[in-house]
Amino acid sequence: MSKLTIGCFSSLVGSMTLDFAVKLAEAARKKGHDVDMWLSGNGTMLAKKGQRSFKDYSSLEKTMTDLVAGGMTVVACEACAEARGYHKEDFIDSFGRKSMDWYLASCFGADRVLHIGGE
Amino acid sequence: MKLGVFVSEYGTTNDTLERLKADFLGIVLVQNGVYNAVVSENGQTSPVLGKGTKVYALSEDLLVRGFDPSKVDKRVTVVDYGGVVDLIFNNFEKLIWL
Amino acid sequence: MAIKKIAFVVDKLPYKGESSRLALTHCIASQTVEIHLEEDENVEPVLAFVGNGVLNCLRNQNAEAYGVSTMESHIKNALLTDIKVLICEEDVKRLGIAEENLIMDAEDFGADMTSQIVPFSEIMAEIESSVHLMYF
Amino acid sequence: MSKLTIGCFSSLVGSMTLDFAVKLAEAARKKGHDVDMWLSGNGTMLAKKGQRSFKDYSSLEKTMTDLVAGGMTVVACEACAEARGYHKEDFIDSFGRKSMDWYLASCFGADRVLHIGGE
Amino acid sequence: MKLGVFVSEYGTTNDTLERLKADFLGIVLVQNGVYNAVVSENGQTSPVLGKGTKVYALSEDLLVRGFDPSKVDKRVTVVDYGGVVDLIFNNFEKLIWL
Amino acid sequence: MAIKKIAFVVDKLPYKGESSRLALTHCIASQTVEIHLEEDENVEPVLAFVGNGVLNCLRNQNAEAYGVSTMESHIKNALLTDIKVLICEEDVKRLGIAEENLIMDAEDFGADMTSQIVPFSEIMAEIESSVHLMYF
């Protein structure tokens, strides 16, 4: 069993990049790997509680909370979230809020890092 | 160094791919990157395929765009999300997302 | 009676972002714009796919893995609501797309309207004769 | 005096495209023009109340509420906002929430439309 | 038709600009588009400048990127946000954001 | 003692998006990463600008109109915290940038460290010798 750290940066609700990250995490968990996910920049949008489901958007909250319940760790950048107006009470309960050094520490302990940047 | 490069765009001019040196270089086409596996422009297949490197394409991202995963360019290996996980752990050491 | 034509031009690829999806939903919203306007006023949309944007018009899109609606269903909905749908001929040829692989009708949705593959000059003429232009 | 409708689509907090739209609106108001602003897709992020000010992000809330107080109209796409978990109570008070047809109607009455798309 | 095209990117291959026809075509360089007004690649100025169309660049976006607005290519007219508003109402009828 | 090198490579332009900004803030966060690690463990960052990303390194950035911090101040902060900053020589030449226009030091911040203009091969060697790679 190995550990994968996925960094999700300028990805967005309404962008399939977030879907990619979530599906990859799911597939890695199924194969028994540890997964850490770091949400930064606009990626923090994934942490917002109460996203309503519409046919034009994939609904990721359930998948994510199930993955966290199953042992995956999801942490969003606190400052990036605050800058967007996502306070503690706006967060999906099981998601963490940390500063950027957490991501580097997660990478320190990871066998593989997939840093998904882009605009 | 075994390097995996995720190409998520189609038709952008990024010379990064040209410059990367690695003992083993693999390209994983995801998102709009999968057009490189199936679309020819003016009869020319994508330059991404002509580098002599191993190229993979994500089946889910072919399907959503209306392409049959069994009909990609013959130089491309189709993988699903589980296959991408295996590539990450077994075939690559470091990863780049373009 | 004031009818104003608005041209919706899509040159972005589908799915990675939501640009082309928003083009379709805003275009189709012309169906209900009257509620905000005076009597006899209306908006007439025309929808054109150019550049790599023509790849939005491929048939057999299957979004099951992602659980979202396809661009195919949106384009068929546009045809169902009698919106003029134009696909740039030069780009279809450049990308080597066979007409049989394009969404040319929405018969399965019960639509009478069909898409038209036209030269870029014809799309340019639609832009010219429109009052406003939204370039997605 | 003429009317400009600005449509802000896949722009984001953390993207200077939103800054561009706000500064352009401000300049147009200064010259006495009417301005409508439509926020759709990820552009709806601008409507989120309580965005904390950091040196790495421009702070647009004050400028926007001043512009609205001065007569500019700002409306965000209700469905796009709900999909992102921005409910009525999350909105900056003076911003409207409407469906997409509002944007088309605003364009109907506009002399110029700047539709800012992009990813 | 008088068409204003906002170019907000640098170095992307979009052939839209090549194909647009208008009685009057003006290009407004904003955001990363302003690099077209100041950067040469291998000694060549940007192809955006060589179209014989009127080109404008936004001063605020030059400044933030470290460029002196008085030192742009001589084919480019520098405007501020107020100037962009005037272009929109006085010089153009329809607008495209690329 | 386990020190792991992480390469931060920036090839995006500044300001339109926040990609290069996040590269800098995450890179500088290596200053405090120890709080999450065991004694004697640490992360050693190296920061490289390649492609059009070298345009982040221009001097005299003035963000007054937008009221945000500049990439210039972030890069100087990186030098102040003794982070190795590499700028790709081939790209500097391709874009015709004079060295005097690049952020080569942060003396005004009180930093001893200076930037280095190096061939791409040297940046590739840094990537090779790093344990992980973050490509912004």
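For reference, chains read A, B, C, D, E and F in written order, and residue numbers begin at 1 within each chain.
As a convention for this text, a residue touches a chain if its C-beta (ideal position, glycine included) is under 8 Å from a C-beta of that chain, and two chains touch if they have at least 3 such contacts.
Everything numeric here is computed off the predicted structure, so don't read it as measured data.
Common partners of chain A and chain B, by the touch rule above, are C, F. Here the chain-to-chain distance from chain C to chain F, counted in touching steps, is 2. When chain centres are defined as mean Cα coordinates, A lies farthest from chain E.
Farthest from chain F, judged by the mean position of CA atoms in each chain, is C.
Chain centres here are Cα averages; for chain B and chain F they lie 28 Å apart. Look at where the CA atoms of chain B average out and do the same for chain D: the two points lie 38 Å apart. Annotation for chain D: residues 10, 12, 14-17, 23, 41-42, 56-57, 113, 115, 117-119 touch two or more other chains. Counting partners per residue, chain E has 8, 11, 31, 60, 94-95, 97 as the residues that reach two or more other chains. For chain C, residues that reach two or more other chains under the stated contact definition are 15-18, 25, 65-66, 132-133, 135. Of all residues in chain F, only 11, 50-51, 120-121, 124, 127-128, 130, 132-133, 135 touch chain B in the complex they form.
The part of chain A that touches chain C in the complex is made up of residues 12, 14-17, 19, 23, 55-59. Across the complex, chain E meets chain D through its residues 6, 8, 30-31, 60, 80-82, 84-86, 88-89, 92-95, 97.
Listing the residues of chain A that touch chain D in their complex gives 10, 12-15, 41-42, 45, 48-54, 56-57, 79-80, 82-87, 90, 119. Those residues of chain B that touch chain F in the shared complex are 1, 14-16, 19-21, 94-98.
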